[in-house]
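Structures for review follow.
Two complexes come next, and they have one chain in common, chain A, joined by chain B in the first and chain C in the second.
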Partner chain A sequence: MEEAVTKPTKKGGGRLCCICNQRRAALKRPKTLEQICRECFYEVFEEEIHQVIVDNQLFKPGERIAIGASGGKDSTVLACVLAELNRRHNYGLDLFLLSVDEGITGYRDDSLETVKRNEVQYGLPLKIVSYKDLYGWTMDEIVKMIGLKNNCTFCGVFRRQALDRGASLLKVDKVATGHNADDIAETVLLNILRGDIARLSRCTSIVTGEDGPIPRCKPFKYTYEKEIMFTYAYFKRLDYFSTECIYSPNAYRGFAREFIKDLERIRPRAILDIIKSGEDFRISTSTKMPEQGTCERCGYISSQKWCKACVLLEGLNRGLPKMGIGRSSRGLNNDPKKDKDIKQSNGTKSIENKQCGSLDF
Partner chain B sequence: MQLTLEFGGGLELLCESVKIHKVNVDPPNGTEKFIMKDLLSWVRTNLIKERPEMFMKEDSVRPGVLVLVNDCDWELSGQLDTTLEDKDVVVFISTLHGG
Partner chain C sequence: MACNSSTCQSNSGCYKREEEPISSKSSDSNQQSLCVKCKFNEPVSGTSDDGRFCRECFRSNLYGKFKLAVTSNAMITPSDNLLVAFSGGSSSRVVLQFVHEMQQRAQKNFDASKDRSLPVFGVGVTFIDESAYHSVPSSEIDKAIEDIKSIVSNLAPPAKQLHVVPIESVFSLDSLYGKERLKTLEDSVSDATGKEDLLLHLRMLALQKVASENGYNRLVLGLCTSRIACHVITATVKGQGYSLPADIQYVDARWEIPVVLPLRDCLAPELNILCHLDGLKTVEFSNGPCSGINGLVSSFVKLLQEENPSRECTIVRTAGKLTPFHFNRIPELNDSNVPLATRRRQKRFNLKPSESISSESFCPLCFSPLSKSDLLSLSSCQNYDILDAACCSSCRFQIFPKDPSSMEHFLSVLPQPLLARAKNCSNGNHSSLRKQIQDCLLSESEDET
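Our next item is the complex of A and B:
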């Protein structure tokens, strides 16, 4: 990178930062279209996130907070920013890194190495919970048994619970995840495309699961992916690992993602506007929403007799891995009345159709 | 002229998992300038070994790929029309591989 240092004014026509008016602009902010230098960008980037945290009262002094850490760019930048803001603004938080090991050789084992380096870099204690320990199965073993067709259903359902279980082991008050504005816009679209009213109404909430075991929050809700990428890529040269899950082509979400990026290129505000649209949806009062209860087997929140993870596990352990997948699968939850309710509200269908769960809300 | 190209965020997987490439390129016949547009087609022909659609869409990078020229957002330097010079550093990072 020394080349860049030796000739700093060549590109950009010497345009100056619109904030400090002194240094050369290095980034066009998608949110505001401002041209801004690195130093000013970094400052507004962190202060905007601080403002989101304050305005939405995401944290209280003395709380224990787990950062859901995948080793990817979003959670890596989140860990870095939260550690910094916690110091600078005296949040008084005890921060932890929490990772889920799905047991995918060549994918998760590599990214977990990144998380372990983050543990040292930011001085945050790390807890890793594995599918193997929690459920007795790794994703590699599950794929060996069920093939590549519905494996993302298992992974998504298991990951959501795993994060909660890890959080309760750490005795944290809340889990912060790295979901960014692009992710949320994408999820709004996907939930519309799937007719998933229950998820549509909660996917834009900055805090979710307040009625569940451990609430989750999204400090990057209004943060563009481009800016997270920029922060990582370049200002701090953050340690970051990226590769696609080897088991997940994830076509459906991929289309939504690409569509969002196409829109962003034409009109960057589109991302925030989609989030706004999602927030402002009014669900008609006659729409039947799934009732929230608890799983009779493991006690986890569930709208059915057994939670999805228990249904899937039962299938795996009985050698009937299709159990819990698709329409013919309601063997364990076949209370006909409830089944009908759920059908009306699309409560179960959406889980079946959901592809990779790395972005679950 | 010599350029340093850096691929990240999964794009390196399209060029045999090599992240940093030092390359020599020349302006197309009959022109003096070498611009980003020329570089993209050069990269597509010479470096990308698989799934070029992950890198390019039409004649530009795929939306969601961040491009930095000498550490500066290419949206500030004219995107495809950005003129490149000897020893420039161009970074491509995909945001499309998840977080």
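Our next item is the complex of A and C:
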């Protein structure tokens, strides 16, 4: 499924664009190393994404699509491109911006300001769901409780569920995320390094969660991060927020990320080759895959009795934040459920209800 | 895949490793700890942190892994004739030693038994001289060959024949003409990684040629866990996820002479330590710096291994869960020809009956199974050359020339067996290609409904 636009590179002459042969070449395209002009780059970039959308039938006319918007470069470019393609090719989609507010002072509030500006620029309605509203805890409070170590576990679990809950509130049919080719290639490598065969079989799918309530799709699956960030967003002068999260020193992911950057320098198409390998892996169906069910407490998808978010939340509310981390959490899930011993950390009764009761959606 | 230069690569990192045991020996004597297995001798310094074996237990642990791999995959039977590929590195040196010890033991049993019903398997050794490809000075290669002859002659009785084969022999027996064609072929590949991979393919071609011409029926390689982990990552990075399981199983019978990997479960540092402890002599070659993807992957895996000592095992175990191919097992023996005693001693456990033996198409250059996406891309471009159309995407990108005139020149200097293989693939598999493509096309139309 490689989208290689093979054009003969013009070696002589005064560096004209090798596609239109008229305008002056403004950039060397990261994916193919062709020298092309700005307008041709916009065209091939957007057309490739359009081709991915059409080939994989990601959207249908009349569907409501939520774009996961963090204010960063990937989601900003995704919002811009989807709005443009929706207009140009008459997809007939209702597009929304969906943001998650983790409650990180000095980081998320600034990035959400960017998303609010995107809402105005692209004319897409914005919905923000926050950890505070859903779980009663902000990331600042969580980090204060457990420290910097393991806080990414809470944030990752909560954000994934929060995105689904926000999508449900918007009553959308699908969620589009800005995962690009570099992210997917990195995930393939990490799953090999960690020995996670179950995830290895589905981490290259362009649509995930099709059996769940709201599927997610990745229109940027074959789009390089360099093209998104350094080329398209730069030349279009898009407004995006680029600061990294202040709570996440993630050294392990950095190894694989660095390796992929080195690979890309040697051979740009290696990123697509990794994705191709991930798609071509033949994994036996007899290999054990975790069964999917629903959480007893909140009804979210879970292979255990309680979903991960509820386990972590219970730990936070009890003042035992380590409860959901490590292998001991399996013992907790298997235990008969005890009466809740809820710490009243907040006075508001509605917040108490959200903590204690089922989180309906 | 062959192990010659890859073992030399791991060899270049070995000597740094060997310095550590010497320095830590003095500090280790202060601890006065005991071997975790026999509780009697002092542990060997420099072994992995989790296991602290003494010298004998460390050695028997490695030999146990070798023997288990051999017996559980039916790699060696008494009527077999083995060719051990020896590159001079630690891994192939250990596999040569272990095969020799197994043969020695079988010979003793044969001499001691009355009925003499079980013959002793034969062992030969081969060294592929790649100096023409790497531009190694001839004085260095002559010295190395003398060392290898000495090593092999010391592994007797039983005596083992040594075959020193230059890599250019895959082109012609005329050394000068072969070198010329080899040089031309190498120069026509512009990608650095493609050059390295082309050498791997030529090496396997040479090994198969030696084994076939001299009556061997098994080819033993010294590939270890560390080398296989690197291969898992490099194959993934080159888009060869479909064919990757074929290369990492204990047995690979897609070749004329089946290839076996008895050291698959042993780590390179362990093998280096064993060579050091037992005084097994190795031969080191000066390799140039690896500027391609293979070198980048090696340093990446080494970095990960330093951070987590079980990383390489995890990588190989993950890839081991991918579905193997039907040829990843020793072909079934014809029972009527096998003597009763041999049949009685066969231990074939964990060999599941192969489900549906599908006919695979292979890339003529690297002999990897082609995935359906490769076949589909083949059907859509019908104007392609015979050889170019039938090869995998990795070889097409990094080894084959881009423009048609260079392609014709490239084909003219390819070794004859590769050309014959390409034509055979094209003719023999054409009908099966159509069947597979039709199946894909039909399923595609079903998807569109």
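Odds and ends about this structure:
Assume the second predicted complex is superposed on the first by the 313 of 361 C-alpha atoms of A that agree within 3 Å, B and C clash if a C-alpha of one lies under 4 Å from a C-alpha of the other, contacts with A are read in each partner's own complex, and residues count from 1 in each chain.
Criterion: a residue touches a chain if its C-beta (ideal position, glycine included) is under 8 Å from a C-beta of that chain, and two chains touch if they have at least 3 such contacts.
Because the structure is predicted, anything quoted here is derived from the model rather than measured.
Contact with chain B, but none with chain C, is seen for A:S75 once the two complexes are overlaid on the shared chain.
In the superposition on chain A, contact of A:D262 is made with both chain B and chain C.
Once chain A of one complex is fitted onto chain A of the other, the partner contacts of A:I192 are limited to chain C, with no touch recorded for chain B.
Touch criterion met: A:N180 reaches chain B, while chain C stays clear of it. When the two structures are aligned on the shared chain, A:A25 is found in touch with chain B, with no touch to chain C.
When the two complexes are overlaid on their common chain A, residue A:L169 makes contact with neither chain B nor chain C. Touch criterion met: A:D280 reaches chain C, while chain B stays clear of it. Here chain B and chain C are compared by how many residues of chain A each touches, and B touches more. In the superposition on chain A, contact is made by A:L272 with chain C only, not with chain B.
Contacts of A:V120 after superposition: neither chain B nor chain C is touched. Taken together, the two structures place residues 1, 262 of chain A in contact with chain B in one case and with chain C in the other. The residues of chain A lying in touch with chain C in their complex are 1, 188-189, 191-197, 200, 255, 259, 262-263, 266-267, 269-270, 272-274, 276-284, 287.
Chain contact summary for the complex, chain C toward chain A: residues 191, 193, 232-233, 235-242, 244-245, 292-293, 296, 300, 303-304, 307, 311, 314-315, 317-319, 321-323, 371, 373, 393-394, 397-398.
Residue ranges on chain A touching chain B, taken from their complex, read 1, 3-4, 7-8, 10-13, 15, 24-28, 35, 38, 70, 72-75, 178-180, 182-183, 225-226, 228-230, 233-234, 240, 242-245, 254, 257-258, 261-262, 264-265, 356, 358-359. Within the complex formed with chain A, the chain B residues making contact are 4, 8-10, 13, 62-64, 66, 68-73, 75-77, 82, 85, 87-89, 91, 93-99.
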